[in-house]
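Following are the structures in question.
What follows is subunit A paired twice: with subunit B in the first complex and subunit C in the second.
Right, the complex of A and B next:
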């Protein structure tokens, strides 16, 4: 598990990462509840956006390895590309799951009303995996981390708005409402609504299944690019 | 992986490529490559940019697939890129493939861990590798603060922690100062003394001349010649060139010089008389006597062909572009 261990070390060895991974999620806990929409405190809506940023930030480490030739060097070592990728993704997943736990259970300790905290935690975990997988698929199309990161920022802005994470989807025209279902952020927003109002567990399972579908498809796309 | 004494002593073929072809679309990058590397050798793989050196390494190490031919590593042609064989190979990449955010020691610990070294062994090997490349006092520093030469040395150390039997170095001295270059070349010689087989690619012929026990010259995806440095030079040594610095070059009778047995041509170039003779003609005494009769001799210089001349003769090209020099 050398790659796993060092992936964690590398993530926490960077100051910007530390801010993204600790200060921002903790700040989410303390944001107040809105009047009317969103139905959960603002911090839980914004945590979804933060997860997208963290996803690309972590996946970019793999892109850096590819650009610098580290992956090439590892290709000659007795480790497979699968081992390299899976141990890195496992390390990033552990970080993201811990963040979800801090935000959800920290919120409870702070006294936020989260309705169904365990299911909220599960929803965030599913969205974290989807976010990481999408970022992995995204970086597989790029050689330069700067280009990849900047364009992904624009994409995040687009899917966050169109997915109904910062503006309620109900105010969108019908066409945009129909388009919104293709964005993972739409399913997160739906999930957050379900946490407050949902009764049928099948709806919650459907939301999580769609997020997992994103995860599987994007991991397949992202893992096909091996060395260059 | 433990290497037995017998494995070390037997002069076995470490790596072999037979009729290897690699294409990218219609472009042939490796064109029917035949190469044998014997244990204990330092093979200098020489060629200009784009000759196919890096592709040869990537193919030889299983990094990229090849289209035709056969590769054998450590006597295994059925599964040459098995983990057991990979444990015996070290690669020094052309790019500096280290983690800038980790310390030098952590970088080495990472690569040692990837090769499966256990805690105690890893600690020992990391110290050894740092010592070997002269970075023993920099172990706890992050490479972001290192000079280019120090990063290159750490890059080499990362390939040494698992003590590879076969070390592949892909242009390890690109863009570094002469002091670091000398350090690296000395380290390569030391590795050879320890029994490591080395494939060293470069386009600096002076490096190959300094360290290689045999040389393979590549151009346009083909191996165009191989042999020892001396053997290669002999293939182009058809004539001898002598430059004589004189006080008054115009007073030297060039026609008379050309009449001396073996002299093919005599030319006045500035303050020098350049005389080209047949190889082994042994006429230097007579040439100097004649020149001395007409002018004062300030200096004599005999030009010997080098690998650059070999390359020029074989391909009609310079090894390096002028701007690279």
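Right, the complex of A and C next:
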């Protein structure tokens, strides 16, 4: 687990990452409650956006490794690519899960009304994995980290709007309503609605399994070894 | 005026930076289009179609990020890679910096006008007063360029200055209450109205639309005063900036 340990150290060694990973999630807890919509407090509605950003920031570290030739050196070292990738991803997912725990259970301590906190936590964890996998798939198309980050940022704006996280999906025209199903953010928004109104546990399982489907497909795309 | 001969290349460098073009032109076009599809039927309390207000906000929001390219060029030419070359050239370096600023302002005003043309002809939004709109867009562009340069001069690491400039853009969007309503106290009230360039310019354009000329000029002049004050700060910081 050496790679795992060093991946954790690297993430926390960077000041910008530290701000992203600590201050923003904590700020999410204190955002106010909306009138009418969204049904959960704003911080929880927008935490999904934050997860997407954190996902790409963490995955960029792998891209940096490729650029600096670390992957090349690892290829001749007695470490398999599977070990490298899995331990890095494990470190990132540990960080993301911790954040979800902070946001959800910190919210309870602060006194936000979260309806079903443990299921909300599960939903966020599923979305974390999806976001991490999508970011991993995304960086496999790029060589320069700035380009990939900026393009992904613009992509985030689009899928967040089209998925119905910022604007309620009910007011969309029919065509956009149907297209929205493609985006993972749509399923997060559905999940958040389920947390407030849902009764049938099967719906919740469906939402989570769609997110896991994204995770599996994107990890398969992103896990190929690339040596430049 | 030997600097004039460099202007051509500054413009070329700006126009060829396709990431800036993507972030400041393509993304807003896509966002405005999507929003206008979504909001096409709703109308605000004053009877203005909602997507008019939205397009106006979008055009102005992206002016908050106008300073990025100027920041990059100034840092690249006067402090980093090209520093030695630029300082050996027989022209006034201060004028060169100004020329970059003016080109950057012109460039982002041009992008803003392109957005306005697109929204008018494709989405059918009617801009009542083009001249006033362009004036406000230029004020916003110049202000954000000056703020970005202040960050570049006052912070040692360029990366941090870049983050700060993003924070300036996103921060004022959040403070304007576009994402979620701000809590009500004196601080947030001030930064949601007269302390915020974004809301100032939106209010000013709306006042002009209702032909309250006096109020519109007042709000635009606040921006102008901010520009003048920050410009003096920027000059002082830039002169003292060492490597």
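In this section, the second predicted complex is superposed on the first by the 226 of 228 C-alpha atoms of A that agree within 3 Å, B and C clash if a C-alpha of one lies under 4 Å from a C-alpha of the other, contacts with A are read in each partner's own complex, and residues count from 1 in each chain.
Everything below uses one rule, namely that contacts are C-beta pairs under 8 Å (C-beta built on N, C-alpha and C of every residue); 3 or more make two chains touch, one makes a residue touch a chain.
Quick caveat: nothing in here was measured; it's all calculated off a predicted structure.
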{"item": "First, second, both or neither for A:158, with subunit B first and subunit C second", "value": "second"}
{"item": "Partner chain(s) touched by A:26 [first = subunit B, second = subunit C, both, neither]", "value": "neither"}
{"item": "Contacts of A:79 with subunit B and subunit C, given as first, second, both or neither", "value": "first"}
{"item": "Partner chain in contact with A:176 - subunit B first, subunit C second, else both or neither", "value": "second"}
{"item": "First, second, both or neither for A:13, with subunit B first and subunit C second", "value": "first"}
{"item": "Partner chain in contact with A:150 - subunit B first, subunit C second, else both or neither", "value": "second"}
{"item": "Partner subunit A, residues of subunit B touching it in the complex", "value": "58, 61-64, 83-84, 86-87, 89-91, 93-99, 101-102, 106, 110-111, 113-116, 158-159, 168"}
{"item": "Subunit C-facing residues of subunit A, complex", "value": "16, 31-32, 34-35, 42, 46, 146-147, 150-151, 154, 157-158, 161-162, 166-167, 171-173, 176"}
{"item": "For the subunit C and subunit A complex, residues of the former touching the latter", "value": "19, 22-23, 26-27, 30-31, 34-35, 37-40, 42, 159, 163, 179-181, 183"}
{"item": "Residues of subunit A that touch subunit B when the two form their complex", "value": "2-3, 5-6, 9-10, 13-14, 68-70, 72-79, 227"}
